[in-house]
Each structure stands twice: as C-alpha cells, then as structure tokens.
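Below, chain A partners chain B and then partners chain C, in two separate complexes.
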Partner chain A sequence: MSGPRPYVRPAETLWWAHPPYLAYTLREATGVAVAGYALVLLAGLVSLASGERAYDAWLDFLKSPWSLALHALFLIGMIVHVWTWFRIMPKTMPRLVIGGRLVPQNWITAVGLAMATAAFIIILLVAEWMQP
Partner chain B sequence: MPSDAAAGPASRDIVIEILRYRSETDQKPVPQAYRVPFTDDMSVLQGLQYIKDHLDGTLSFRWSCRMAICGSCGMMIGGEPKLACMTFLRDYYPGPLTVEPLKHFPIERDLVVTVGGFVKKIESIYPYLIPKTLRRLDEGEYLQTPSQLAQYEPFSDCINCMLCYAACPQFGENPDFIGPGAMALLQRYNGDSRDGAQAKRMEIVHADNGAWSCTAVGHCSDVCPKQVDPANAVNQNKTNSAVDFFLRFLRRPSDSPLGASDGGAP
Partner chain C sequence: MKRSVAPLFWLPFGAGGMLSALTGPALVLITGLAVPTGIGVSPSFMSFARATAFAQHPVGKLILFGVIALFIWHGAERIYLTLRDMHAGGRLALMWICYGIAGALTFVTVAALVIIGF
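Entry: the complex of A and B
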C-alpha cells in the first residue's frame, strides 16, 4: 500500500546552546553558582561544629585569593540567576487579578527584583553592623 | 488576487528557500529556492501563493483565513515559528528567506505537518465546560464576575496553530509531552469558576507527560501569536499539582482536588 510517508526530522541535540534558548540555559547553569554558595556555607557550618581550629582554617580559606576569585564568579552567576529567575517567576503563578484587573507580568518581575535587592542591602547592613 | 500586486513597478525580489518533501519521490526533505517579486504589503503567505500560482504548482502548504484567526499557516520562517499570514516579506529583505515546516512535527508533504498527535492531546483534556452543579433552564445563566473571567480569558484565545510546540525543546525530545497548547486549553477550563471537573484534568497534569515534563524554557509564550501565554498555563499547574499532591493526605476520599466537586454530566 502506498500512502503518505511522513518524514520525522532527527532531534536537535544542541538546541540549548543557541538563541533564543540561551537565556534558559544560562538560568539553569548559574544554578550551580547558587549550589556553590550553599556548599561553602555548609563547609563553614561543619567546621564550626568541629572546633575553633577548623573554623579558623575555613575563615583563612575565605580570605585566600582563590576563594575571592571563586566568590566573584559565584556573585556573577548569582546575579544572572536572580535576574532570569524573577523573569520567569510570573509564569509560575496563577494570574494575579486585583480589583478585576490583570496585574502585568513585568510588574511582578519588578517587585521580585526590588525585594531581592532590598534583602541583599539589608543583609550587607546587618553584616556591617555585626562586625566586631 | 493579492499576488498580482507583485507584478507592479514598486516590487522588489526576494529569494525564498523552502524545505520541500514529496514523500513519493524524496528520501528526505530538500531545500528549493524561488525568486519572488513582492511589495511592502505582502505577507510570507502571499509569497507562497505567488510561488504556487506562478512558479511551481506542486508546492503544498496549509492556509485559510489570511488574518491570524484560523491557525493553519504556522511554519518556521527564518528559523522561528511564525504564522505566514502575520509575517511580512519586507522584514526579510534582501533575503534569502528560509521557510520550513513547523519544527518537531512529522512532515506530511512540503510545509504540511502531521497534526494528529496534537488533536489527540486536545481531545484528552476534556475541552468543554463541565458545570459544578447543573442548573435547570429556569434557574438562569451561570454567573461569573470580571475578576473570575480575567483568571482564564487569555487562555481561551488559543487558535491551535502549534507554534508553541515548535518552540518547545521538551516536546522536541518527547513527542508525548502534553505540551503548551493543550495545557493552555486545560487551564482555560480548570481556571473557569463555573467548571467542576478539575479533578479529572489534574490526572493529566500529574501524569508523566504532564506539567512536570516542562522545564520552564518559556519560549512557547514568546512565539504565541495570540498572547495566550501557554508557559503560564503549564507552570502554574506545577504549583497546582504540588499543592494537590500534599493536600491529598488531608482530604477525605470523597473530596476532589482543588476543592472542586466532580459535577460531571449525569
């Protein structure tokens, strides 16, 4: 029987490496920076639990040029992650209707970014205030 | 006929390179180039019509309304999923412009893709209102406030053009993924205050090929010609699915998810 013979194109494997998917790839990849921060903090907590010497060693590691470079990298990754994360946030929640009107998605993104910035500044101020 | 305008003195030429596939002779799709005269008001669809009328009558493509309502003429234009009727040749001058069938779908012939799988998905989501409580005619209409309408109204604008599927890399990797379009229609009913069949549709959301197959790439919403925002439909259903998963421990077995009663047809 000769009928239509649909052609299935081979799946693309490198779609994530090209625009318009690059923003998505960046958001997911920079999640590693977030995990990196968490690991550094966790290491600090473990060394705190295992005594003063371990904790001092961890503090010394934080002051090393290696650690500073790593943290600069983490910071860049974190900023990209926060930026792209709040851009996708309105997509993950039900439509926000206030007073019968739909709240625009870029407003939700703007509020999210403003709150993240505010939290960042507050933490910096508290850290500055707590310094001996 | 619109393509006659192209013969006028104010026209320019553009080369349109079309990915062609004739299943009876071609082993695989091959590009074929056509030189098309066009004027500034001509859409890509009109360019294709010019080819079919004047250059090559064997070219196949779907179209109907010419005004972004029927959803028939979705194709890859310059590598992006677009409606051919809504895209202008002038924006691609001097070209060449590549036109290919919608990505991720099997090609039937030339720019015509297989839509059967998508139609099956649309059918599977109970695409109709199933009232919470049936009202008799003398009880009047099912009432709804403007706020309740705003919750789902954009999702009802979908024209089934499947551009969002061509933009979705997850659908590209797994053709069984329910996908953005069908999920937008699902949310159009699940988000409707008059509907009571959320429990039935949540089964589809929870399933392996449901909302969790999405990784929130979000490009489906960018390419949507009707601003339906299917990424929003899929991703808010991840929240619904998670809430539903944890709340099931608190519910009595007779209750259905999201606090809605299953008031299906008697």
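Entry: the complex of A and C
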C-alpha cells in the first residue's frame, strides 16, 4: 500500500501488568468483583424462581469454602472499588463551587467515603432489623 | 458526524458504580459471608419462604433488579474498556460480547422476577 501511513507508537503487549498502569488495571478489575457478585445473586434469584430445592442447593453452595473464599475476594474488590470510586469522582464531575469558592478535590473524596461508611452502617442496621 | 453510542452505557456504568460503592461491601458481607456462616445472623435469614416474600414485594423486586442489573452493567463497562485497552480483541467484537452478555443477564433477571410472581 502506498501513501502516508500513520505513525503507531510501539506498545508493549503486557503494558497493563506493570506500574504505573498496574494501578489502573487493578482499579478496573474491581468491575469483575462487582459483576461477579451480581452473578452469584442472579444465580440465587433464578434458583428461587425454580423452586425450594434449587434454592436450598444455592444456599448450600454459599456455605462451601469455595464460595466463602470467592466472597472474601469480592469484599476486597468492593472495598478497593469504594476507595478508588470516590478518589476519581472529583476528577470526573463538574467543578463544584460553593459560596464562590472551589471545593477541593479531597473534600469531595472525604464526603463520598463518609457517605459510603454511613450507608454500610445503615444497611447492617436494616439487616439487623429484618432478622426473623 | 456519526454519533457515539458510548454515552448510552455511561449512565448504567455510573449508576451501578455509585450503587455498588454505597451498598456493595455491606451486601457481600451479609449475603456472602454472614448468612452462610451464621455469624451474627439467624439461620433462616435468607430461607426460601423469606427470600420468596422479599422477591414478591415490589420494593424487594426493585432492590433485586437495581442491584443485579446495575452491578452487571457497571462491571461490563469496566471489563469492556479494559479489554479494549489491552487490545484483547476487535473493538466491536468486545462491545458485542460485553454488552450482549449484560443485556442477556438483565433479561434473565427480569424473567426470574416475573416468574417468582407478585
């Protein structure tokens, strides 16, 4: 083929496995934990729709060491997600100005993390209230 | 100019990201760790009868649909963008795979909620 060809900067195939990009890869990998947890819940919902035997089998799966280890990983992924989500938030939202003053980015992160902590406690309280 | 479809997927990505950031850790702790081990939770907390009653209630249905579908769309967007940046495949193919699976699973969620009844 003749004519000018655009310059393509050579990139290492495994660029994402090395710093500083590794931090990006790990942050994006939390999406696997979030979707993976939803898949477990969906499996429970489908088994609930299928009847009591299927649902009890799902509950038994949750008790298996595999499932407990998987959920421990999900929990770590979720916590990393909470941390990174509110660190990115001030960079992705429009600049916040209150009373003519620009709100610093780390304040927005702090408010987000405080909200996440409050939500965590509220959900545990609601679960306690929902106990049979 | 051809319009990009990307913004269509940013809404469920953002909504799912915010919902999972606020509720994810507590939900995983309760349904994945506390209930199976029985630590701090009654053994019948998620029994068939209670889970059915929850899934039949309109509020329960909304919570289940919101959590499952939005978490899936959030994860699908992140997985798609990361695989794209890794050059794991063609852009369009990755898009169809990631969004296609998310769409199919959303349909399964709705179907299960309808079958469980009201």
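By our rule, the second predicted complex is superposed on the first by the 122 of 132 C-alpha atoms of A that agree within 3 Å, B and C clash if a C-alpha of one lies under 4 Å from a C-alpha of the other, contacts with A are read in each partner's own complex, and residues count from 1 in each chain.
Here, a residue touches a chain if its C-beta (ideal position, glycine included) is under 8 Å from a C-beta of that chain, and two chains touch if they have at least 3 such contacts.
Since the model is a prediction, treat every value here as computed from it, not as a measurement.
Of the two partner chains, neither chain B nor chain C is touched by A:A114. Judged by the touch definition given at the top, the superposed model places A:L62 against chain C, while chain B stays out of reach. By the touch criterion stated above, A:Y7 is placed in contact with chain B alone, chain C being left untouched. In the superposed pair of complexes, A:L42 makes contact with chain C only, with no contact to chain B.
Counting residues of chain A touched by each partner, chain B versus chain C, the larger count belongs to C.
In the superposed pair of complexes, A:A127 makes contact with chain C only, with no contact to chain B. By the touch criterion defined above, A:W16 reaches both chain B and chain C. Residues 16, 28 of chain A are contacted both by chain B in one complex and by chain C in the other. Chain contact summary for the complex, chain A toward chain C: residues 13, 16, 25, 28-42, 44-46, 48-49, 52, 55-56, 59, 62-63, 67-68, 70-72, 74-75, 78-79, 81-82, 85-86, 112, 115-116, 119-120, 123-124, 127, 130-132. Contacts from chain C toward chain A in the complex involve residues 16-18, 20-33, 35-37, 41-42, 44-48, 50-52, 55, 64, 67-69, 71-72, 74-79, 81-82, 85-87, 105, 108-109, 111-113, 115-116. Looking at the complex, you find that chain A touches chain B at residues 2, 4-9, 11-12, 15-16, 20-21, 24, 28, 88, 90-95, 97, 99-102, 105. Interface of chain B with chain A (complex): residues 21, 23-24, 28-29, 103, 106-109, 114, 145-147, 150-152, 154, 169, 172-173, 191, 215-219, 221-222, 229, 231-232, 235-236, 238-239.
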